[in-house]
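Chains: A, B, C, D and E, in written order; residue numbering restarts at 1 for each.
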Amino acid sequence: MAQEARLPWIIKYRPKRLDEVVDQEEAKAKILEWLKKWPNVPKKALLLYGPPGCGKTSLVEAVANELGYEVLEMNASDFRRKEDIEKVAIRASTMQSLIASGRKKLILLDEVDGIADREDAGGLEAVAELVKISKVPIVMTANNPWDPKLRVLREIAEFVEFKKLRKDDIIRILERICIAEKLKCDKEALDYIATRAEGDARAAINDLQAIGEGFGEVTLERAKALLRPRDKERDPFETLKLLFSAKYAWQAKSVLNQSQLDYEQLKLWLEENIPNQFSDLEDVSRAYEALSKADVYLGRIIRTGDWDLLAYAIDLMTAGVSLSAKNNPRDKDRWTKYSFPQRLLLMSKLKDSRKIRDDLATILAQHLHISTSTAKAEIIPILRAIFISNPEYAAKIAVGLGLSEKMIEMLAGPNKQVVIMHYRRLKEEIEKKAAETIMQLQAKAGRTEKPEARKEKKKEKSQSKTTSTDLTSYFKK
Amino acid sequence: MSKSVSELLWAEKYRPKSLKELVNQEEIVKRLMKFVEERNMPHLLFAGPPGTGKTTAALALAHDLYGEDWRKYVLELNASDERGIAVIRSKVKEFARSKLPGDIPFKIVILDEADNMTADAQQALRRIMEMFVETTRFILIANFPSKIIEPIQSRCASFRFTPLKKEDVVSRLKWICEQENVVCHQDALETIYEISEGDMRKAINILQAAAALGEVTVSHVYKVVGLAHPKEIREILNLALQGKFIESRDRLRELMVTYGLSGTDVLKQMHREIFSADLKIPEDVRVTIADYIGEIQFRIVEGADDEIQLTALLAKLALLGKKISSMKG
Amino acid sequence: MSKSVSELLWAEKYRPKSLKELVNQEEIVKRLMKFVEERNMPHLLFAGPPGTGKTTAALALAHDLYGEDWRKYVLELNASDERGIAVIRSKVKEFARSKLPGDIPFKIVILDEADNMTADAQQALRRIMEMFVETTRFILIANFPSKIIEPIQSRCASFRFTPLKKEDVVSRLKWICEQENVVCHQDALETIYEISEGDMRKAINILQAAAALGEVTVSHVYKVVGLAHPKEIREILNLALQGKFIESRDRLRELMVTYGLSGTDVLKQMHREIFSADLKIPEDVRVTIADYIGEIQFRIVEGADDEIQLTALLAKLALLGKKISSMKG
Amino acid sequence: MSKSVSELLWAEKYRPKSLKELVNQEEIVKRLMKFVEERNMPHLLFAGPPGTGKTTAALALAHDLYGEDWRKYVLELNASDERGIAVIRSKVKEFARSKLPGDIPFKIVILDEADNMTADAQQALRRIMEMFVETTRFILIANFPSKIIEPIQSRCASFRFTPLKKEDVVSRLKWICEQENVVCHQDALETIYEISEGDMRKAINILQAAAALGEVTVSHVYKVVGLAHPKEIREILNLALQGKFIESRDRLRELMVTYGLSGTDVLKQMHREIFSADLKIPEDVRVTIADYIGEIQFRIVEGADDEIQLTALLAKLALLGKKISSMKG
Amino acid sequence: MSKSVSELLWAEKYRPKSLKELVNQEEIVKRLMKFVEERNMPHLLFAGPPGTGKTTAALALAHDLYGEDWRKYVLELNASDERGIAVIRSKVKEFARSKLPGDIPFKIVILDEADNMTADAQQALRRIMEMFVETTRFILIANFPSKIIEPIQSRCASFRFTPLKKEDVVSRLKWICEQENVVCHQDALETIYEISEGDMRKAINILQAAAALGEVTVSHVYKVVGLAHPKEIREILNLALQGKFIESRDRLRELMVTYGLSGTDVLKQMHREIFSADLKIPEDVRVTIADYIGEIQFRIVEGADDEIQLTALLAKLALLGKKISSMKG
């Protein structure tokens, strides 16, 4: 017990039983049901995701406790390279036989978003493999389910969401601890702590210990003294307003100190909103000139690695832009409805379309023995002319070069439907022919039709995609 | 036109496979054939304008040296697509390492657009060329020989490819049309020659696109050229010059998303538009825009963000448009 | 011997050993003393600007917990130590896992400049902090707590250290001067405070260096930090803007020699001064000058000659000044 | 192979072998002969523009010192080849270590392009020079002595080579033509001198290449150096100045394609034409063009697009032309 | 041999051996003598421009501490030689390991050009300094103290060396001339001072080189440093400003050839002349020229063509001259 007293409270008051886990009823139910049905479940692994401190790992431990599982844990503090995961996989695949002798097992892969790109190379792919062969349930946790590197897990694991805790729930947890620790607690102080924790119970408990332990009481006063409220950062709209309306250079310069925007983001917000704020064309042009110069400094930073230049970039994009309103200085204070940078919204679209264009250029470059930039500058425009003017012929070229439908869409513009129609028809034709040839060949060789059946099945799964790449590689030869 | 189900780009379909098929650059061909005969050659430097057959000659040389299997013994690299000299080094190393069959005297590395490499990278390249010289010969291809550093030039046998003559290009185009059963008009072929500035690849590409419109006529040729360069760019320039800055910017973004263009791509197209008769602006405005574009392109090179610079350009154009109209008014 | 050297360094000599000796951050100190009393604490995150006593507090806490032998129970990892993901998984984990000596409640890992660790390395730290919490507590020290990943922040009680107040620093410096029998001037101590921006360690270092020149005077202070007096910088700027080009340049040269300034040093100081209210120039001119300074700094970074470029800057200022006055006139 | 190559290349074939054969730089030759006589010499530094005989003098000196076997006692290093100082050190060490035959007073290391070495490498070089001074003397060859660090300069006897005079170069070329039975025109030889800017090696190389085309005529000379005929360059400048912007640009593109000129090539030629009497423009226009060319050349050096920037230059010229004519009008 | 070389070099021959012989930097010398007396010292940081006696002071200090045998106890490292911190570490380790004789309190490591080390290397250096502090003291020598990282600065007693005064340098040079029986002219010695900018070593080297030409005269001085005579530079500037563009350019070319000047050399000399009273131009013209020179120097640093850019500079001057005269007229 003496040992226990020395534990930090986040450990000491970690839920040990299922009913001690606050909130997250939905997640609880899902996990229990899934575990009971296992291995008769659609996806053989679970991925629990949610913000820090909402009880993901605790819940797994509590469930395991209650249902009598032994937890085999692997987390970010372990090396998780391909070979490390494979070791676990071997154990997991043979573990079934052990169940008779011991307790049921469960593999907990904690913090899968902490699998490092470089140091844990191949780790995530190995996890996917592990899930396939495992004879025991696998539960994973992560903070951000949208992390692109978790994409490989999406198809093999069921994602279970944990919600941010409500403030009331956090206060309840804190009160329980206060009672256990015999702390006199001040309602306002708990409220202050809970507000600041923003749904993170663990942070709240830590704060409570930091303020309360040893003092016998939790007061608002000490809470405020020790836990400074996080600096309130200005949102983009306030930032812009302050920047544009600045009368002095230093005022404009200082907006970045307390803003949710960093200089890169500010650059985009300004690009979007300069013409919203300024009405005179000369002022607008001047402001963009300042922004353009700021960007030149940013480029120079990239090339030289000299971060001292950042100061000048910031001067120009803050004070430089703000003080550009010379013809119409009253514009500075004009109430303006700022818009969110369209570029940020378009970014992913732009990325997609550039990717398509890059891929297209790569195909053309290989085909014609030229560089991708020549392909972009010379060949794509010509293809565009063909695709717009002669859909049927365009479709033939698309088939011949092994282009994807996305590429066709980009090239054909308004004509895309027609070209794609022709394209699909042509491909069917080819496939039919191919199938016929194969049959003929097989008839000749007198073989069974097993390999063909397998191929047919594969085709069903991912239709057009496979054929188009098959064709690409065919024509590359 | 071709009856087959699928169709390729004619520029590749009608690329000569062997040195014998090369109809131009006779001097060069003769010297290259000598290499084939002797089964030995130094490093080569092919210099000359685009579309004069440099790559074709390199590939044909390889074909003639190694026969149908030639691809096995050739590594094709494009300097502007390879990221850094380190990548080139490792690729060449990998390639050079594999054993040579008894009858193959050496392998060939074809490095296209070598003049796009920095002087430092070329220094490194030179060392690579020396390192593997026992088993490997390089064919460097460049538009501008003066951008190849001295020490490389002096280690290479140098070949200068000259622009193709009108009659050569036209007769080749005519021959292709015959192969493809396409009706073509002499004046259209001549127009193609002029537009493509002696660049055979470009000429064949235009031919194919014009043929796609049915016949190869002068008006089809012009139509192709027009289609190839979307009128959106023109509209954006016009909008900006009319002072409709925000609108022009929005259109610009749309364009970039639709076609996947980068800022530099757009700027290059704008640069081309300045010289288009379809852009109806006084010549002195064109001149001023050309000046602006030079300045902004320089900034793009110096800067970090293409699009910021393009937007700044549009703002400048808007201001220019206003000044002009106020002068008129 | 190492002792005598550390005694030679005042910043070491007068670094508080125990929490009791800490004179600032009272609330935090009080809190930490309670932890010592209870012999229990959560993981801690000390955040705040450099020189506000974060590391000192961490070491003093360890000292008070374990007595003179404290180093045995503490693992200190500094920014200059390797702290990649591999080290966290091996060295730190190893230390955390190892058994506790009998009477020690837990060991301590101090991670200085934890915000400089990669996100991956921080990820690796998360579970270690939980799994071995019975035997090991972490103190993370960071200048920018926002660079500590959230899951770690939420595992720590965080304390924000604030810059020291002027009177605290000055009185501490004065006290040290008394201990060392050094003559010091009040305004010099205040200058030290301003230059060190509330960083106590830096302040003491400057004090010691200035004292080495004899007395602690304002000019000695500027001399040892290798900075010109801001007033002098402003005077040079003003001279140049008034068109007194040669005079400004002579002053600048003198200044650089006196204080041993490099071109970049001068530019940085100028950049600071152009936004000072003590320099009376129109607001937009400040930005223009900033652009000039940035340009010149870039040139120097690229290897251009310090002297020629600084002269060019003064020339630009003179030209600018002329333009401004002609616009007014 | 190396033998035949050197015989094939006139620059090698007619390179003086002994100091006696050197026809220029009389002062220098006299001093060098003294060293041969005394069989002793300090380290030497040969500085001067390319092609003024620095390497030739170094080799001739070695020849005269050691006789026909001279190559045994000379190590030739090209600084831009063997960039790494480590390589230099090990090669020199190797070379210096080998025993000296009885009658040889010292060996010679010739280090070409020493001014291309970084200051750090030169520092290391200095130490190498000292280390092996008992057995080895260095001859450093440099274009710009100011780029050789102080400590090396002060350890070397320094010789300054000046560019060859027109009559010397022309008469030498004429003499070679006679030896080789080549028809040559006086104006062609003068053109060669101008293009080679007093660089004898370059001049002879051009001569040989032009001779390979049959006769040495002006147009052959321009052809082999890959330069446009100056007349064409002048026409483009004139067109632009007359406001025929689009036409001038079309001509420029054609030129670049025909001759394979890069942007820098074109600018260099334009730069030369500004000073030509054949370009009939007022002097102040020349001046302005010179200013523009500097700006555009810088942009291209920084990586900007050749074509866009040259267009921008033509645009600037067109605007200039307009301004001039409006002033007249 | 190495002995005789050091005797040949006056800069070595007349280098003070003991602190007592140091004639400048009195304050510093006094403090250093104290260390010798106490036979104890902290790490030292010597900062200041080249040739102000930093290395001399370090060696003299060692000499006074250890007597004639001092070289045994001193390890001299040149940062630009042994860049790798690993090399430094192993050398220092080796050196520190060897036993100290009873009466020697510590050994000394002198690290030249410490400010040329990267921040990372300096971090490592700091640890090395701590590691061997019991037996070894470091003297770090740097041009710019601001490039030494904080933690090192605060571990060192810091000494700032200032440029030598004109009279000190001149009188020293005169004294050397007397020792060496060389005729010297007062104005020549002053010119040497100006060119060497308070760098004593450089001054002595120039003196010796000039003396080798017979007498120490102004023109000999310019000759040995490879600089044009200021008068010639001024003439070129004047010609350009008078609009004699082509003439000024011809003169400049001639000058560069005669003296073997690089573009940067010319610019540096022009820069110096702007401030010369012998150049009779209004102050605001000086200003503009200074701006131009900065721009052109940067372009050349970035790799632009010397000739084109210097021509552009002259063009700018010509345009400037025209503007001024038109304003007057």
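Annotations
Note that in this section contacts are C-beta pairs under 8 Å (C-beta built on N, C-alpha and C of every residue); 3 or more make two chains touch, one makes a residue touch a chain.
All of these numbers come straight from a predicted model, not from anything done at the bench.
Steps from chain B to chain C, minimised over paths through touching chains, total 2. Residue numbering shows that chain D and chain E use the same positions for less than half of their mutual interface.
In whole angstrom, the spacing between the mean C-alpha positions of chain B and chain E is 51. Between the CA-based centres of chain A and chain B the separation comes to 38 Å, rounded to the whole angstrom. Our note on geometry: chain D versus chain E, Cα centroid distance of 31 Å, whole angstroms.
Chain geometry summary: the mean Cα position of chain A and that of chain D are 58 Å apart. Counting only residues that touch two or more partner chains, chain D has 264, 302. Across the assembly, chain A contributes residues 300 that each touch 2 or more other chains. With chains as nodes and touching pairs as edges, the resulting graph is a single ring in which every chain has exactly two contacts. The ring sequence of chains is given as A, B, D, E, C, with chain A as the starting point and chain B next. Those residues of chain C that touch chain E in the complex are listed here as 1-2, 4-5, 8-9, 11, 80, 201-202, 205, 209, 212-213, 223-224, 226, 243, 245-246, 249, 257-258, 260-262, 264-265, 296, 299, 302-305, 307-309, 311-316, 318-319, 322. The residues of chain C lying in touch with chain A in their complex are 27-28, 31, 34-35, 37-43, 84-86, 88-89, 93, 105-106, 120, 123-128, 130-131, 133-134, 137, 150-151, 153-160, 264, 268, 271, 275, 277, 283-284, 286-287, 290-291, 293-294, 297-298, 301-302.
Of all residues in chain A, only 3, 5-11, 51-53, 57, 73, 75-79, 110-111, 113-114, 116-119, 143, 200, 202-203, 206-207, 209-211, 213-215, 222, 225-228, 247-250, 253, 290, 293, 297, 300, 304, 306, 308-309, 311-313, 315-316, 319-320, 323, 326 touch chain C in the complex they form. By the touch criterion stated above, chain A contacts chain B in their complex at residues 267, 271, 275, 281-282, 284-285, 287-289, 291-292, 295-296, 298-302, 342-343, 346, 349-350, 353-358, 364-365, 367-374, 376-379, 381-386, 388-390, 393-394, 396-397, 399-401, 410, 413, 426, 429-430, 475. Within the complex formed with chain D, the residues of chain B that make contact are 47-49, 115, 123, 143-147, 151, 160, 162-163, 197-198, 267-268, 271, 274-275, 283-284, 286-288, 290-291, 293-295, 297-298, 301-302.
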